[in-house]
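Look at the two complexes coming up: subunit A is in both, with subunit B in one and subunit C in the other.
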Partner chain A sequence: MIEQAVDVRQSARPRRRARDRRWIRQLPAYIFLGAWSLFTLVTIGWVALASLKSNREVFREPWNLPTQLQFENYQRAWDSAKLGENFMNSVIIVGIAVLLILAISAPAAYVLARAKFRGRNLLTVIYIAGIGIPFPLLFIPLFAMLAGMNLTNSREGLILVYISLSIPFTVFILTGFFSTLPADLEDSAVIDGCNDFQVFRHVMLPLASPGILTAAIFNFIGLWNEFQLALIFIQDPVQRPLSLGLYSLKNSMTYTGDWAGLFAGVVLVMAPTILLFILLSERMISGITMGSVK
Partner chain B sequence: MFKTQKLVSFALLLVLVAVTLGPVAAQDKPVELVFWSMWNESEGQALVIQQWIDEFEAAHPNVTINAVWNGRQNQTLVRTALAGGTVIDIVDQDADQIAGGLMQEGFGLPLNAYLDMPALDEDVPLRDVFLPGTLELFAMDGETYLLPYIYNTVQFWYDKRVFEEVGIEVPLTWDEFLANNDKLREAGYAPIAAEGNEPGYSTFYLANMIARLKGPGFLLQTVEDHTGEMWRDPAYLESSRMLRELWDRGDIPAVTVGYVWPQGQNTLAFGQAAQSLVGSWLPIELSLQVDPGWVWGGFNFPAVEGGEGSVADTQALLLAFMIVKDTAHPDEAAEFLRFIMTKENQQLMADQALVGVTRIGVPWSEAITDAEEAAMNAESVFPDVDGVYARYPEFLTTVLWINYADLWQGKITPEEFSEHMATQSAEYWASQE
Partner chain C sequence: MRISKQLIALFLLPASALYFFFFLVPTFSAFRYSLYDWRGFGTDMNFVGIQNYVELFSDRLFWLSMGNTVTILLAGGVIIFGLAFVMTMMISSGIRGRKLFRAIIFLPNVIAIIALTTLWGYIYTPQFGLLGAFLGKIGLTQWAAFPWLGPDTIFWSMLVAIIWIEVGFYLVLLLAGVDKIPEDFYEAARLDGASQFQMFRKITIPLLWDVLTIGMVLWSIHAIKIFEFPFSFTGLEPNVNSYTAAVYMYILGFGQRQPIYRLGYSTAIGVMLLLVVILVVLVLRRLMRREQLQY
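Let's turn to the complex of A and B:
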């Protein structure tokens, strides 16, 4: 019995050594990631604390706790920049855009990944090449097109722009997901009497849902934080999304030195994205890594 | 014959009716002006402009002005929108920026004819109600395209209580300035608050020093010298040495070298530093940071012994309106600009947004009375970087700022600065031909 125990310890030793070696090899990565996480937390924490200070405290005592919590900074930021309206605009613009991006990209990616037809590879490359086009090159043609449709300075126009510019990336992601699904399932569905659309709708789409969710989250976060296109295409304060509201807040509050109000506005803008990430981060990571190991 | 006479009479009657009623009909025709602004709708300046618009519309019921509050990226957005076919009638922006951008690109409507019309509230031509030099600052080939409405001076800003405590007066010469700095250091103050890593701010020193040594306009002339040889003028060596001396003497603390806005000016607000060379917007920017008893003072860059410039030469950073050349309603747009230049309307801007304005005889807010005095008594005015910002923005960012930042931060010597500028200017202009 004792001999057996010795044997177990002896056999466990090389495993432990291997584990230790792996841990030492990964140590620099952990140190880097730990430092990065700490930096991010400290930065966000500093901004959150500064948002509760008086303006004189923000820079005079940057590392101290607020002597008195100044919640009115939040009220000022909210009122000054119409963040409530901006928030609802972002929800509408980003929500509709993400839904339509997926509605267009999922069937396109499915066909590009599974169907066999001449020119499929070329078509895929053309779709994906869209990722490489710098947005500023498109400002003037897009503006002219939207002006022609009388859609400048409107949420509808910005939604159209977001959809068209997000499709290449979304198709790229979803093509990868659809191509990893087993072909046998399609064959079985066809034998059971499904037509092509039914195969897509009832078999392949549910199977690709982790990928679709990932694409949705990526698009949501990207569009929620998008600034450049919104700045070009929306001028009406009533139609502005949150990123433009924050920009407007930054301009007006730095000019009058209201840094505490500005930081309160930053917290208000950051909060939904951080919350979403906390709730969905595991899904997101599993979605990204899905299919990476065969 | 009789029939012909009747026809002619009828035609004449028609013409008469048309001539009599024509202007009335034209007056009643609805006009929509589109104004794209550099302000955000919640800013004090925007609130005043909106008030101007409301009052103008009430006085001109057929005119509607739709303001679009774009913020500081206004010019970029205007350019894209105009290229995309959007109708814009009036824009506003920092005068240096728009002069170097849309105005230089030919988008501005000439205003000379409108400026010759009488002011709305005084029996003088409109051009005569502007503070000295402001209209002419960005004129191009004798034509005015920009109508300035906000006036910022670049001066040393300080707390008058500190000068009283240390027992020093406003310096008029460079030697007096250095003597003041000695006393401020002894009293425990950093004499100068500076943004060491902001070329836009640090170039105020170069532009003012050269203006004092060689007079306003010399720096611009130097930039326009395509051989680059003017950078070898001894004045550049002298000015570079004098500016570096501020660092070497400890007048500007060494730690400041990496400061970006607003780090430097905060040291002024916290009472650690005593003076800062910056625009007259500073009292507003620091209003929530300074002690309640703070008493703002401002003085011009001191004169240099033997220099050709005067202490009364004032660097002016203006904000201006421009009417877009292709507007369908130039008269109505110009009428709006004439309207905003009344004393009453300019006073509204001075009182509510707490900024300097361009109309003569309109008192500025208490914190910037020294700026008002400098503007009123200016012997000459010169724009940002002596006009280089407006005329040669690419040269400024790719050649001058890079080398000047190196000099300012002590990475190169004054001799190297002159040499680099001479050779790189020649290369820059050669690449443009």
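Let's turn to the complex of A and C:
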């Protein structure tokens, strides 16, 4: 018994030493990753705190906690700076755009991934090529086109642009999802008497729903944050999405000096996407790797 | 399963029509517009041939802004991939909290650039800003008032922020690639007495090659069109030293306080951007393919 116990202890000791050594070897990694993460959390957390301070405190004591929470900052940003209206515009524009992007891209991706027809590879390449075209190239030609259709300075026009320019990327990731689905499910559905549309609607589409959700999240975050196209196509403050509203608030800040109100605006812009990321980060991160790592 | 011709056509039509009319057509119009002198929407266009491109060659601001874009692409790219690589190795060395580190480092990628430029604008504000106040607090008072956003340093200040944003995306990409490498490969190498460095060189790098190539292509496409950060970093009139080609292009087309409306000339810069994308992607594919044959 005693001998056995000694034995166990002796064999445990080198293992523990190995664990100690491992921990020391990993120390630089902890320090580096820890410092980087801390910086990110502190700066973003700082904005959230500063959005609840008075302007005096923001300037005088940037590193102190707010003495009294100033929720008026949010009221100023939401009402006076009209970010409330802009927020609602973003909800409408992004919501409609994301739904239509998926409704249009999913069938196309399905066909590109699973149907056999001449020119399929060429068509796939043409779609993917869109990912490489820099948006700034399209600023002037698209503006001229939309002006001709009387669609500049309107939410409808911006939605149309968002849908069209999101198609290549969305088709690309959805094609990846559809092509991984097993073929025997299609076949057994056909045996059960489904026609090709029903196979898509009742078998493949539900199976691809994780992929469609991933595409929805990416498009939502991308379009919620989108700024350059909104800048080109919307001049009327009433039609502005939130990102553009924050930009104009940032510029007017040069005159008003209301940093606290501006930081409240920053929080309004970033809270929805951060919240979504906290809830769905695993799905998003695996979504990035889906398309690129095979 | 056979999918009927009618369904194929029906499913492809909406996406292809929108993509064709609102993406491909404007792309081709851009090539045409770049050959015109065009001074405002609704005014006449005068055909000038390659005159806009000739003018670009002697335009100091074009070279400055294109130089900045290329610096972001190359210097930024080297630093971003270097950091992402180091972080990937650190996170995959079996430390605790790998998912947490990965998520936090990725976090800036989900935040609107305009929110991040507001934040970084305040970080860099002399004296009162986060950095200035911090430096003042730890006693480096002469550094507290350093003009990070001054003409000489603004570009580098911006590059630091861009690196901070982008690293997380490439970290996620590389980490996924590393996760795909079977653990047996390392076991076998260890049994054969391979060193840590040898395993890195002979297993990790070759098996990560495809992911690395895709990552570099994505970064190039992204970096060449970079617009939002430099445009919104410093208020209504961006500092000339932080112009990227896309920002200069926008300003020539739409102007700032005073409209400029040199639409043809502006579009010529857009065409240059597309040509740079094509060139860089071709070079990358060539470079990465040749290297791969060594293994």
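Following the convention adopted for this analysis, the second predicted complex is superposed on the first by the 243 of 294 C-alpha atoms of A that agree within 3 Å, B and C clash if a C-alpha of one lies under 4 Å from a C-alpha of the other, contacts with A are read in each partner's own complex, and residues count from 1 in each chain.
Definition applied: contacts are C-beta pairs under 8 Å (C-beta built on N, C-alpha and C of every residue); 3 or more make two chains touch, one makes a residue touch a chain.
Please read all numbers here as calculations on a predicted model, not as lab measurements.
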Combined model on subunit A where subunit B meets subunit C, clash or fit: clash
Taking the superposition as given, does A:48 touch the first partner, subunit B, the second, subunit C, both, or neither? neither
For A:139 in the superposed arrangement: first (subunit B), second (subunit C), both or neither? both
Just checking: does A:80 make contact with subunit B only, subunit C only, both, or neither of them? Give me first, second, both or neither. first
I'd like to know which partner A:128 touches here: subunit B for first, subunit C for second, both or neither. neither
Greater residue coverage of subunit A in the superposed arrangement, subunit B or subunit C: C
With both complexes overlaid on chain A, does A:151 touch subunit B (first), subunit C (second), both or neither? neither
Touching partner for A:92 - first (subunit B), second (subunit C), both, neither: neither
Between subunit B (first) and subunit C (second), which, if any, makes contact with A:37: first, second, both or neither? second
With the two structures laid over each other on chain A, which partner does A:164 touch: subunit B (first), subunit C (second), both, or neither? second
Considering only touches as defined above, state whether A:205 meets subunit B (first), subunit C (second), both or neither. neither
Show me the subunit A residues, by the header's touch rule, that subunit B contacts in one structure and subunit C contacts in the other. 59, 139-140, 143-144, 147, 232, 247, 251, 254, 259
Quick one: in the complex, what on subunit A touches subunit C? 22, 26, 28-30, 32-33, 36-37, 39-41, 43-44, 46-47, 58-59, 62-63, 104-105, 107-108, 110-112, 114-117, 123, 126-127, 130-145, 147, 160-161, 163-165, 167-168, 171, 183, 186-187, 190, 196-197, 199-200, 221, 224-225, 227-228, 232, 243, 246-247, 250-251, 254, 259, 262-263, 265-266, 269-270, 273-274, 276-277, 281-282, 284-286, 288-289, 292-294
Listed in rising order, subunit C residues that touch subunit A in their complex are 1-5, 7-8, 10-12, 14-16, 18-19, 21-27, 29-30, 33, 41-42, 86-87, 90-91, 93-95, 99-108, 110-115, 117-119, 121-123, 128-130, 133-134, 137, 164, 169, 172-173, 176-177, 180, 210-211, 214-215, 218, 221, 224-225, 227-228, 231-232, 235-236, 246, 249-250, 253-254, 263, 266-267, 269-271, 273-274, 277-278, 281
Touching subunit A in the complex: which residues of subunit B? 36, 40-44, 68-73, 77, 80-81, 83-86, 262, 266, 269-270, 281, 284-289
Subunit A residues touching subunit B - in the complex, by the definition given at the top: 55-56, 59-60, 80-81, 139-140, 143-144, 146-148, 152-153, 231-232, 235-237, 247-248, 251-252, 254-259
